[in-house]
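Below you'll find the structures, each written out as structure tokens.
Heads up, the next two complexes both have chain A, just with different partners, chain B and then chain C.
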Partner chain A sequence: MAASLYAADPPETLRTVELEGLTLLYHRPSGLTHFLAPPAPQILEALAAGPATAAEIAARMGEAFEIESEDPAAAIAARLSELEAAGLVWRT
Partner chain B sequence: MSERSNIPDDDGIGRPSRRVVLALGAAAASTVVTIRPALAQTAGSVLNCEIPVPAPQAGSGNFIAADGKLVPAGTPGAYPPLARPLKGEEVKAMLNSGRAPAGVNSEAAQAYANYIRRLQAGMSGFTCYASLQMPR
Partner chain C sequence: MRHILRLQVGPVSFRIGSQWRGPVEQLRRLYAGYPEPEGLCDFTVRLEAERFWRRWLRPSVAIRGDYVLPDAAPLPLAQGLLAAEMGMNLQMALGQKRFLLLHAASVEKGGRALLMTGHSGAGKSTLGALLGERGWRFMGDEFALLDLDDGRLHPFPRAVSLKNESLGLFDGMDPARLGPVLTGTPKGTIRHLRPNPEAVARMTEPARPVLILFPRFGRDLEPAIREVGAAEAFMRLTQASTNYVALGERGFDALTRFVGALPSRAIDYADTGQAEALVDELWRAA
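Let's turn to the complex of A and B:
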């Protein structure tokens, strides 16, 4: 079975404010506001380049960050699930 | 949480080498908290509210593509409008656990779930969707 492809609304549909390591994000399409902790904002940044699988997202994040995790795939999958439930990410 | 590493700013030949360390944390950790609109609905009414798929004002004859966007009727790979609106309880189960409503296959349910996630304020079903996300 092919890996799920995830997508997010483009950055111009979001209003974000950095707050001491947290990101306050207003999602214009839904009118909802979210508090995000790393690595959720970085996942959305990675998706700004276009839809991607969890592995591709990890690769994009790896270009900008030194990833620290015992199980990156599981951690990113869990974060994607949260972002999906919040309506910030969806599967295509 | 991310933190700056202690690596020098460049590698001696002018090329930046400082890398930001990003800890992904445990899979069980939570990183998203949503502030929902204050909607005056009880838990009971939230589960009984309805979401038409698609909203009449969005074009009830349109099909729903896998990513939730509306496309012209008959578009290959897209799913037809639902004959009945979905109950809040069905939507909650679909969004949280991927459980398809009765009579809907799992691929179509994914498309309908994506449509609902893309609802905007003012569209039929948005208030219901926003209410479903309210913490209990």
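Let's turn to the complex of A and C:
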């Protein structure tokens, strides 16, 4: 089975503010406010370059953000499901 | 409407109409000395009979106006003053778009404001009213109005709604400033207190907020101060705001700036003396 391809709204549709290690995000299309903990904001940043699979997102994040996991793609896939449930990413 | 009162409270104006004389007369007495608005009013509140015959027969007051809650229960005419107050709150909560509305009390000293917010029963009204009689300027006990552009707090010094046990704390007050005792209301026994002349005279003067306080009252609580992080303060204030969602991005920007710039503290107290001491301590450090 092919890996799911995820997409997110472009960065200009989001307002983000850092507060104490958390990212407060205002999602303009829905008008909803979200609290995000790492690596969720970094995943959204990685998706700004276009749709990607969990493995591709892990590669894009690369050295800029180190994920403490033996299987970064699996860790990112778990966060992607949460972001999908929150309406911030979707599968294409 | 047969009986009408026009009322300016801080930057907001109300037109309150009633089919009965009583509630408007009580409001007029309670708000003696408040300015009359110039021009059209921002909000209209109407106190009407639920059904036309209920104007005379066991009169019951339905709260209507620009904004209504369809399932709001009517109140007996004896609680008409409370109905008018609830009507003004409702218009603000549902219709105010010029400010971020925080369900909070606020007081000012030296041009700097202290905001106190918390659940019902946390004591913010009582504390705000007490501080307002002890060297602070009372700005409001129900809603604090956060300016969306410059982050200042605007006063909204409506009559203080004293509830149940807190009534006794204001026994020595000038009786002319107190409304009738309303018993058996949905919130227990209530008595309104007109803010003092300074609060009324300075109702158009905003102040720069410098401290956010989350008071918690409990007879068994030990006095305590706890730091509240900006993210937690943000979350609690979105819950304390009636129009955060409606304001969209402007509300997000105003509130993130607000909590990012100010320290937040939670205090526990078992009596008002303790609360005042904790507020003094935090204010000296702010």
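Just so it is clear, the second predicted complex is superposed on the first by the 89 of 92 C-alpha atoms of A that agree within 3 Å, B and C clash if a C-alpha of one lies under 4 Å from a C-alpha of the other, contacts with A are read in each partner's own complex, and residues count from 1 in each chain.
We take it that a residue touches a chain if its C-beta (ideal position, glycine included) is under 8 Å from a C-beta of that chain, and two chains touch if they have at least 3 such contacts.
Values in this document were obtained by computation on a predicted structure and should not be read as measured data.
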Combined model on chain A: chain C and chain B, fit or clash | fit
In the combined three-chain arrangement, what's the angle at chain A toward chain B and chain C (CA centres, steps of 10°)?
-> 70
Given the touch rule stated above, what does A:I57 touch, chain B (first), chain C (second), both, or neither?
-> neither
For A:T33, select first, second, both or neither according to whether it touches chain B, chain C, the two together, or no partner.
-> both
So, does A:L80 touch the first partner chain B, the second partner chain C, both, or neither?
-> neither
Mind working out whether A:L19 is in touch with chain B, chain C, both or neither, as first, second, both or neither?
-> second
Partner chain(s) touched by A:L44 [first = chain B, second = chain C, both, neither] | neither
So which one touches more of the residues on chain A, chain B or chain C?
-> B
Which superposed partner A:E66 touches (first chain B, second chain C, both, neither) | first
Between chain B and chain C, what minimal C-alpha to C-alpha distance in angstrom results from the superposition?
-> 5
Going through chain A, the residues touched by chain B and also by chain C turn out to be 31, 33, 35
Chain C partner contacts - residues on chain A that touch it in the complex | 15, 17, 19-20, 22, 24, 26, 28, 31, 33, 35
Contact residues on chain B for chain A in the complex?
-> 1-2, 5, 19-37, 66-68, 95-96, 110, 113-114, 117-121, 126, 130, 133
What residues of chain C sit close enough to touch chain A in their complex?
-> 229-231, 234-235, 238, 245, 248-249, 252-253, 256, 259-260
Residues of chain A that touch chain B when the two form their complex | 7, 21, 29-40, 42, 61, 64-69, 71-72, 74-79, 82-88, 90-92
